[in-house]
Each structure stands twice: as structure tokens, then as C-alpha cells.
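Letters A, B, C, D, E and F mark the chains in the order given here, with residues in each chain numbered from 1 onward.
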Amino acid sequence: MATVTLVSDTDASPEVRAVFDDIRATRGTDFINNFWRALACDPATLAATWARLKVIMGPGALDPLTKEMIYLAVSAANSCEYCSHSHTASARAKGMTDAMYGELLAVIGMASQTNALANAMQVPVDAVFKAPEVKA
Amino acid sequence: MATVTLVSDTDASPEVRAVFDDIRATRGTDFINNFWRALACDPATLAATWARLKVIMGPGALDPLTKEMIYLAVSAANSCEYCSHSHTASARAKGMTDAMYGELLAVIGMASQTNALANAMQVPVDAVFKAPEVKA
Amino acid sequence: MATVTLVSDTDASPEVRAVFDDIRATRGTDFINNFWRALACDPATLAATWARLKVIMGPGALDPLTKEMIYLAVSAANSCEYCSHSHTASARAKGMTDAMYGELLAVIGMASQTNALANAMQVPVDAVFKAPEVKA
Amino acid sequence: MATVTLVSDTDASPEVRAVFDDIRATRGTDFINNFWRALACDPATLAATWARLKVIMGPGALDPLTKEMIYLAVSAANSCEYCSHSHTASARAKGMTDAMYGELLAVIGMASQTNALANAMQVPVDAVFKAPEVKA
Amino acid sequence: MATVTLVSDTDASPEVRAVFDDIRATRGTDFINNFWRALACDPATLAATWARLKVIMGPGALDPLTKEMIYLAVSAANSCEYCSHSHTASARAKGMTDAMYGELLAVIGMASQTNALANAMQVPVDAVFKAPEVKA
Amino acid sequence: MATVTLVSDTDASPEVRAVFDDIRATRGTDFINNFWRALACDPATLAATWARLKVIMGPGALDPLTKEMIYLAVSAANSCEYCSHSHTASARAKGMTDAMYGELLAVIGMASQTNALANAMQVPVDAVFKAPEVKA
């Protein structure tokens, strides 16, 4: 169904295999989801995307579950079928409860509504919201 | 600059005035930002939107700052200039540090990148990500 | 196929059941479409969304069919598969003829084309199109 | 502020001039808004876009005001600043009242909200909404 | 699965048949893809869209393959499932290699990432990037 | 006007300074555009984004100008004001003529139009466009 052939373990080149191995080790599972098998059509983009994603989605000033819910919110706004499914599953695996998911949906819906209204009316930005342009 | 005239306190009808009063009381500030002054062109939508937003953005299974960052992520994905400004300001007022903002931006950027890639390649959703259609 | 389990009549809580009953009474049909069965995963959002939608889509300064076509146009612009299907069906049920649908499609296509062109060229807004910022 | 230089009447080539003349004659005004002055950077696209838009936006199975409101709804969904301004102005010139505009905004907001929710939850399309694939 | 019935050759009206014949002659194949069979629900839009697309996608200052890749990039950004599939196939038929496709995906991903970041931060446009508003 | 303070050369940390230096060396100019000065609010994202962008936008199977036009097309589709300006300027600097820009605009417009139509009608993907799911 994809525009590319998903790369199986058997067909993975050494470069692709190394990324698959790191995904498995990082996540502690043997499962490689289809996004990475599709992106393996371009090993350089596969390696760069995974390397950066691994850093970004790890713990930091924001916890991994919060990051996963933000990821899901962006995916819904961008109408990404695959990402909406995969990041809902990831968020649940990281501890998102039904109550948290319900509130996440409510925020996504409210934001989309007011985004459309602000864009329709072209509301001017309040002066107090703007940062100074260049640090003195 | 808007497509509507922003409603000042002087020109507010009693219905609009009641919403403005509730915004002030809820937020503990006299400041009413332009979104509400613009939406006041339709008092019914103003009242309904504020009533729902007040509930959604309050504390619950998710804390108010997390909700604000999710709101901001959706606003960036939807290219809403006004909302990107106003919700960055709100998130900062609720405690978002520079480090948290940096990570939020990184997640928004990464999600947008992989959303576009998954959409371009039309990656098929893995069977394990799907919920059963109807509860038995 | 959804990220949530669709709620059947049997599994509906009293709060969800009350919304389903009102949908049936308002529409004069026993059929509840999947959107509401999915949204029932969060009864509060289900109730609030239905309550507001029922008011908005009823007769007013705009007739229900015009509102349905506007809804469909937004859904197509937002790449919503579900909504494109459901609101096409609703518009037809409210009297949209093939000729009207053809013209609706033509407007959606033309708007999307000129939106992209105006965004690409960043055309400055003509002064005559702008409303005064604050009502005196 | 545009990425192209807006073409003034003085600098218009004969091909561009002919389109400007037709816009003036069709609309019964001497005013040419910036979109057309920008698009004049590519006379072939200017001519083709205007020719098609003139037909589409004229009276038919849908009246011109309804078409203008649909155009505006798509423009808001696509975050087009220029188009949101210009089509609000056009809709008002064609008779959109404040009450109609308020309801239009409410529908745009509600559609954007449910689009995001349906995309987030990946609601499966009800079988009854689908048309047969090929006419027998 | 569509919202309209796809028009088969047998059911095509003379006006639709003429467009189908021109698609076949232009492309040198008997195959008519579903987009045109769906758009045939509105013969006027079918004819106008095909007539303009045939001109735009032909050779010019940009070669047909470059145009096809640009088309595909826009389709991915707009989350169009059908168009992502059909224009990937077209680009391959016009000579897009796996290496070219990999680089195209990388550019689409990077652009989507920086678009979201620039929108989130509302970066002010550098003065040197702006064209003068009106040609003197 | 941004949500962050743009980082000047004086205020740049050593990590930010190193990226600015590499941008200058790579591009052969002293000019650093605002996107990088804004992204410098998060040095890690600045460094990672620039490092990847430098590789992606260099010569390869696609030439740099083609990549720049693809980047611009995505930016227009995503309604990114900053990116539409900056990548139009970049494309011109890399040799995009007025004729090429005119054709690029025409393709962006046509793709946006047919994307919206295919999404509105939910056209089913032709079987011949699909790749096999897993390489045997």
C-alpha cells in the first residue's frame, strides 16, 4: 500500500540493519514498525531521522510521555493517518490513561477551532505577546 | 488589521461584558487579549468558546502547562500566527522554561518532518496499532 | 481501525446514552454514525461537542444546507477522510443536488489554488480590505 | 512585501492589461486588488486563473454569496491571510450580514474541531456513507 | 469508496468522453486513472482541470520530471493520499530514480520541519528577502 | 515580532557561534538570516538542523536549484510566510528565472487544486499505483 517497498530484515543492507538494531536495543523490543521499514528506502534519511528522534524523544526538561502527546497533537493537526495511530500507541505504552487521552483530544479540538477562528478573522497580535527582535 | 472591529469595553453589550468579566476573574488580570475582542463580533460563539475553553484548559488528568504546550504545538502545525504568539506567552506565564520551550520546538519539528514523510510514502498502519472497531 | 474502541449502545454509560438519544431524536433516525461512537471515549467532549454542533448546524441566518456545504469545504481543506464522507452524505440528505455538488467542488478547488498562490507570493493585503482595529 | 513586484497599470503588458480590463468590466469597478497585480508576474497563469474564477464564481446552482462564503471557509482552513481578508470583503460586498458572518465563523470553527478529532482518532468511515466505486 | 460514482467509459457522456480521449492521446496509454473518473461527476470542472493541467505539466522552463516532483511535494504537504500515490507513480514513469526519490523525501521532510519551526517562533522576514511592493 | 529574541553575534554562545561560522563559510557570505538567529534559542536544535540541512540541500541526484524549488513548494503549501520569502530568495540566488518561477507557481496552484478535489471526493487509489508491501 506504500509508495515504496517495506524493507524486511532479510533485505536490509548493513547500514539499514545497524539502524534497525539500534531501534530494537533502544526500545527493548524486536518489533520494527512500518515507518522505519519504509524510510529504509533511503538509508541516509533513515539513519539521520532515527538518530535525531532518539535524542529528542528521550527524557529532558519534558518527560517522554508529554513529548509523545505533543507529537500526537501535531500529527492530528497534519492529518497523518500513520502517525496518529503509531503515536497513540506509543503514548499509551508510556502511560497515557484514558482520562489523559480524553483531555488531549479536547485540547486538540479546542486549539483547532480557535486556530481557524483566529485565521479567519486575522486577529492582530497583542503587543504584549511579542519578544524584542534582537537581543541588545 | 482584523476582518472585524475589535470590541472595546465601552462598546461591549451586556452579553459580551459578562464574558469579559469572567475572563478577567478567571485569569486574575484586567487584560483581555485581542482574540476575545474579535470573537465578540458574535456573542454566542464568544460565550460558547470561552465556556468550553475554561473547562478544557483547567487542571485535570493533564496539568495546565502541558495543555498549553499541546495547544501551542497544534497552533504551529496549523500556521496560526496569532495563536503561536498568544499560547507561547501563556505557556511562559504558566512556567515553561527556555529548556522546555527548546524541547517543545524540537518535538514539533520532528513530528512535522515524519508526518510529511509518512504521508509522502503512504506508510501502511501496522496491525498492532489498531483498536478493535466495536466493543463487544 | 480507530485509535479507540467504538462505543456500542450496549456499552454506553448513562451520560453517553443520553447524548445518543438526543442525536436520534434530533435527526429522526436510529442511526448513530461512527464519529459519535468514537468520541464517546470521552463523554464530556462528546456531550459538549454535540450540544454546540446541534445549535450551530440548525437554521439561522444561514440555512442548514449552506452550513453543511461550508462544513464539507473545510473538511476537504483539512484532509479529513471521515468528515469528507460524512458531510457529503449529510449535504445530500439535506438537498444538495449533483449540480450544486459540482459547483461546490469547483469553488473548493479554485480557493485551494489561489490560497496556495497568495501564500507562495505573500501578497500584501490591500488597505481597503482591513477593518479598523478598535471600535471608537 | 510580496516575493514579486506588483504590476501597476503602467507596467502591464498588453496580455496583462487585457485581463485587468476584464476584471474591471466584470466587477464594475476600477479597483484591481493586489492578488491579480502579483499574479501578473506570470501572465499565462493570470489569464487562466481569472478566466476560470470568473465562471466558477458566477451564478449557477449556488448563488454568488454562498460561493463566496465557501471560498472564505477554505481560505481560513488553509491559513491564507490575504484570502481571508479579500474574501471577507467580497462576501460583505455581496450581502453577507453580521449575523451570517457569525454563523459562518461558528461553522468553520466547529468543522475544524471535529476534523481534528476525527483525524486524531482515525474514525472508520461508516459503510452507508460510501458511494459504489464504478457505475455499472 | 469515493463520495461519487466513478464514471466508466460506457457511462461517459460525450463531453466526458472527449476529455478521456484527450487524456489517452496525450499520455499514449489507454489507462484513465480514478481521479479523472471521479471528477467526471462534474464535466465542466473535468474539462477545465485537464485542459490547464496538460499545459502546466508539459515541457517549458522546467522539465516535466521536475514539475512532477514539485507536484508530489505539495501533495505530501497537503496530506493527499491519492495524489501522493499517483504522482509518485508519474514521477517514476518520467525517470525518477530511487536516489532522486530519496533526496526528494529528504527535502520534503526538512522543509516541513523548518516550516513548523518558523511558524512556531514567528520569525520576522529579513528585509533583504522582500521585493518592492509596486513597480515604479 | 518573534516569540524568541533573535541572537546577535555578540550574544552568541560558543556553540551557536560555531554554527553561525559554518553557515557563513558554507554560503560564502557574512549574512545570517533570522531563522538561524531565532533557532539559536535552542543551540542543540540549531546545530542538528543546520548540519542536516547542509547535507540535504547540497548537490546529489537532484541539483541544488531543483531542491530549492521543492522546498519553496512545500513552504507555500504549509502557509509558512518566513519560508516562502527566504526560499524564493534562495531559489533566485541559485538561478531561478522569472519563467521558472512562473511555472513553479502554476504547478503549486494546480497541485493544491487537485489535492483538495481528490480529498473532497476521497478518490480510491488505483491498484497499479501501489507498491508491494514487503520485499520478498
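To be clear about the criterion, a residue touches a chain if its C-beta (ideal position, glycine included) is under 8 Å from a C-beta of that chain, and two chains touch if they have at least 3 such contacts.
In UniProt terms the chains read A, B, C, D, E, F = Carboxymuconolactone decarboxylase family protein.
Everything numeric here is computed off the predicted structure, so don't read it as measured data.
> What is the set of chains touching both chain A and chain D?
The common neighbours are B, C, E, F.
> Looking only at C-beta pairs in contact, point me to the busier pair out of B-E and D-F.
Comparing B-E with D-F, the pair joined by more C-beta contacts is B-E.
> Rounded to the nearest whole Å, what is the centre-to-centre distance of chain C and chain D, using the mean of the C-alpha atoms as each centre?
19
> Go ahead and note the Å separation of the Cα centroids belonging to chain B and chain F.
The computed centroid separation for chain B versus chain F comes out at 26 Å.
> So how far apart, in whole Å, are chain C and chain F when each is placed at the average of its C-alpha atoms?
Inter-chain centre distance comes to 33 Å.
> Can you list the residues of chain E that touch 2 or more other chains?
Correct list: 1-4, 6, 39, 41, 44-45, 49, 52, 73-81, 84-85, 88-89, 102-103, 105-106, 108-117, 119-122, 124, 129-130, 133.
> Going by the touch rule set out above, what shape does the chain contact graph take here: line, ring, star, complete or other?
complete
> Under the stated contact criterion, what part of chain C meets chain E in this complex?
Residues of chain C touching chain E: 79, 81, 84-85, 88-89, 98, 101-103, 105-106, 109, 116, 124.
> Which of the residues in chain E come into contact with chain B in the complex?
72-73, 75-77, 79, 81, 84-85, 88, 105, 108-117, 119-122
> Which bits of chain A are touching chain F when the two form their complex?
Per the touch definition, chain A meets chain F at residues 1-8, 11, 37, 44, 48, 52, 55, 129-135.
> Along chain D, where are the residues that touch chain C in the complex?
Against chain C, chain D makes touches at 1-4, 6, 31, 33-35, 38-39, 41, 45, 49, 52-53, 56-57, 60-62, 66-67, 69-71, 73-83, 85-89, 97, 99-100, 102-104, 106-108, 110-126, 128-130.
> Over in the complex, which chain E residues touch chain C? Could you list them?
The touching residues are 3-4, 39, 41-42, 44-45, 49, 74, 78-81, 133.
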